[in-house]
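For reference, the structure I am asking about is given below.
Chain IDs A, B, C and D follow the sequence of writing; residue 1 opens each chain.
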Amino acid sequence: MSAVDAAALTAWVREFARLVHEQRDALTQLDAAIGDADHGANLDRGMTAAVAALEAQPADDPAAVLKTVATTLIKTVGGASGPLYGTFFLRAAGALDGDDGRALAAAVRAGYDGVVARGKAERGDKTMLDALGPATDALDEALAAGKPLGEALGAAAQAAAAGRDATEPLVARKGRASYLGERSAGHVDPGAASTTLLVEAAATALAGRG
Amino acid sequence: MSAVDAAALTAWVREFARLVHEQRDALTQLDAAIGDADHGANLDRGMTAAVAALEAQPADDPAAVLKTVATTLIKTVGGASGPLYGTFFLRAAGALDGDDGRALAAAVRAGYDGVVARGKAERGDKTMLDALGPATDALDEALAAGKPLGEALGAAAQAAAAGRDATEPLVARKGRASYLGERSAGHVDPGAASTTLLVEAAATALAGRG
Amino acid sequence: MKKLINDPADVVPEALRGLAAAHPELRVDHENRVVFRGDAPRQGKVGLVSGGGSGHEPMHAGFVGVGMLDAACAGEVFTSPVPDQMAAATRGVDGGAGVLHIVKNYTGDVMNFEMAAELVQAESDTEVVSVVTDDDVAVQDSLYTAGRRGVGVTVLVEKLAGAAAEEGRPLAAVADIAKRVNVNGRSMGMALTSCTVPAAGRPTFDLPDDEMEIGIGIHGEPGRRRVPLAPAREVAEMLVEPVLSDLDMTGGDGVIAFVNGMGGTPLLELYLMYAEVVAVLEKAGVGVARNLVGSYMTSLDMAGCSVTLLKADDELLRLWDAPVRTPSLRWGA
Amino acid sequence: MKKLINDPADVVPEALRGLAAAHPELRVDHENRVVFRGDAPRQGKVGLVSGGGSGHEPMHAGFVGVGMLDAACAGEVFTSPVPDQMAAATRGVDGGAGVLHIVKNYTGDVMNFEMAAELVQAESDTEVVSVVTDDDVAVQDSLYTAGRRGVGVTVLVEKLAGAAAEEGRPLAAVADIAKRVNVNGRSMGMALTSCTVPAAGRPTFDLPDDEMEIGIGIHGEPGRRRVPLAPAREVAEMLVEPVLSDLDMTGGDGVIAFVNGMGGTPLLELYLMYAEVVAVLEKAGVGVARNLVGSYMTSLDMAGCSVTLLKADDELLRLWDAPVRTPSLRWGA
């Protein structure tokens, strides 16, 4: 089975960028309802730049791929999602040690921990953590149960989507939606929706790897 | 037959005020199309004040009635119609000499001349003159032909209405509508419409006088 | 109609109360609806009076102060003030050196100011001179019509004649500056949306989502023509080109360029428009000596902008740089 | 979407070009989208840096100049700038006396400024202190949430801390002023209409003709509640009352009262609102020592307003009166 190498991670990044671009307006509409109507534009700008950066300087080293994405996002996105997604990729790059599924899962876990540390939110606060958290757990569990990476990422994507959907009834406690108080309930969190795309992109691009 | 006395002129003023108030929105809509959407509000404010002034200090002298209306309009209307209607009543007051139909017609003629002098417009420029001019002529002609005042004012009102309608195709050369150039064609002039109400009010209120 | 008002009939006096509270350095005559410099009349200084319909704020009351107007009369919304107001203003700023009336060329404004001058001169020997601004190239200039509207150049006249008066120049000289500014200035405006006159309660005109009006004035009048919505770059051309073809602005000391918002236009867009205007001017070989970007002469809540260009010279630039201290225009020592 | 723009993606850099052209006294770093005082860095003076998403003009770039900010970073519309911008600004204003970051309390702004400070401090010994503003009483204050938004008080912090820095006070003292202003200031805002983010192309929320939003921020977010349209008099109560019940403003030296327009609100209405706000304050026994009325912290083309009250004291009033010379706030010698 082929490794989770630089090419595989680049494919993941490309697939995520493609999904974000495709869902740009949908993400912005989610953000319009309980935020400031820029999440789709923000991530699309950042991921377009990340793909361009990888094209301009293709990286051989898997960690370098993630690092390029991280610095590009931090330099181009801004807002809340820039530092959060940037930190996710930066910590993942730092933790990546190996080219198999377990190495990837450890990197994702480190990225997740980075988002928690940077954003100081908890699960249930109606943020991207509500999708990323369950996805990270599901990935670890599936691999621990001996599932192949493709299947494990599929489970992670399902967990992310379930987490995303579960944000709908929540009253936000972190991020811009928290300003709305009770009025934030009844809407899906835009960051949870984009994070689900991140995990879905991994399931698509990395199936058959690891 | 009863005279064109202070009471009669006061009745004319009241009837004009009533019509203006009733047609306020219609006048403003005409002004919205080719002006600045204030003609109805302007005249309504002024005529309401004029009626109030006559109530506060009823005048015995017919010229005094017209003078009160004149100064009130000048003090409260502003815009183009304030000085023009004000001048109409001021000159009419100055020229009023007697309490019969001919005296009234002479006063109206003097008022008309005053509007021409103040506004420097000509008939055909798409202004109130296009209603007031024909009305003044018709009044003189009918009286010269020996018609009673009521009938003569009826003819004047018809002439005013015809003149008002005839402003529709004109391209404005004076007043705010002139700024629109060719686009001013296809709309009735608001001042011609309000002046028609002035003459119609006279026909209603002064019938049986003079 | 969505406005921060109470009864539409009370908008003007209530806003004047707010202005008075916000600017204790001004004196507001609420009965006559005249806003005075706190120290008016200034002995020996030519008094500058302007005024017009309300709804154009900060013009004119926002320009009352040192180096600009001595008094401003506030009419009803979009309706010229009445002669009594202008006469009260004129009396109140008469410091013995005469009074200049700065009048925008609208039939109503011209007639009411004329009657006010007659009133004042009938009772005193105050010298009153009127300067009428008529800079709007959207309107064809003709002897047989009301002529052109007075728009953006009025702000520049008030600033520059105000500086001349502050220097202590005599009435004739101050009036000459005002006329020179008017003769050398031209404007053109456009609207993205109509405005809503409070007393009317609905937009003056309907403008589809994909169209704009070119050649509007400042009273929510429809413009000369309606065209499809265009990028700022093209809007800048549509506004600057007719100004430049009406008056050659190349050479000399450059122009004072004034990009004005109509009341509902964010400053972000005005700066963006200013960049486009500068680009068009550069291509046309017109240099910019000074500029003013902001919403200074508005049309209630209308979204849109106007461009005013004034052919400058040494003296006008010096007067432009002179100190001004008013609620809405302020610079210098 | 009706805006004076070209490609929605280019709004910010294009507006910065216009700002640079209009204000040659400023220096604009177009690559980093940072607006500097022309004379930055000033040796020995604490450098003041702020910034945030664009769409709030004149905040922040319009407040760069003598007596206020040394640099402002412009993010995308309603999106916090990135750490690189803030780091470039910080380096560019460092005159050896340290740099104060004035940060509005939004998750994005806070995190990006944090990362910028880390970047700068990793490579130099520039001292950086951050003050976060969070004055919006529409948001419930809680340890378990993102807390309150930073809104109108930010303008006052920039003015007052700017004056302290201009006096040559050390970083700790300047930061103390900033914190004191934030602690003693409260705001509340409302919207008559939504705004339209250029990249989104349509209004952020729909608001029926007979309703308004109470408790909005400055990013076109919906407010805390939607209520029927009400006269200005009642709107003033709805805004002032929650401010006063959050912080007692009676007694002492009175307040600095700031009535702010959201971008699409005519000045006429803001003055009218100010009169109503003063009336409510009078009834509550709160004196007004100074005021500011105008559109200083906007939300693109949103129609609406906010009220900010700052409990003043001798020192704050003195700093308020100190000269300021920026594109959009200017007074004193």
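Heads up, the rule we're going with is that contacts are C-beta pairs under 8 Å (C-beta built on N, C-alpha and C of every residue); 3 or more make two chains touch, one makes a residue touch a chain.
All figures in this text were calculated on a predicted structure; none of them were measured in a lab.
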Partner chains shared by chain B and chain D (touch criterion as defined above): C
Please name the chain that ends up farthest from chain D once chain centres are defined by their CA atoms averaged. B
Whole-Å distance, chain A centre to chain D centre, using C-alpha means? 32
Can you compute the centre-to-centre distance for chain C and chain D, using the mean CA position of each chain? Integer Å is fine. 29
Could you work out how far the Cα centre of chain A sits from that of chain B, in whole Å? 75
Give me the residues of chain C that touch two or more other chains. none
Can you tell me, using the touch rule above, whether these chains form a line, ring, star, complete graph or other shape? line
Chains touching one another, given as label pairs in label order: A-D, B-C, C-D
Where on chain B is chain C touching in the complex? 28, 32-38, 41-42, 45, 74-84, 118-119, 172-176, 178-181, 183
Using the touch definition from the top, list the residues of chain D that touch chain C in their complex. 2-7, 11, 14-19, 21-22, 54-55, 57-58, 62, 192-193, 209, 212, 229, 231-233, 235, 263-276, 278, 288, 291, 293, 295, 298, 300-301, 303-305, 328, 330-331, 333
Chain A contact footprint on chain D (complex, rising order): 53, 75-84, 106-108, 111-112, 114-115, 136, 138-140, 142, 144-146, 149, 197, 199-200, 204-205, 217, 219-222, 224-225
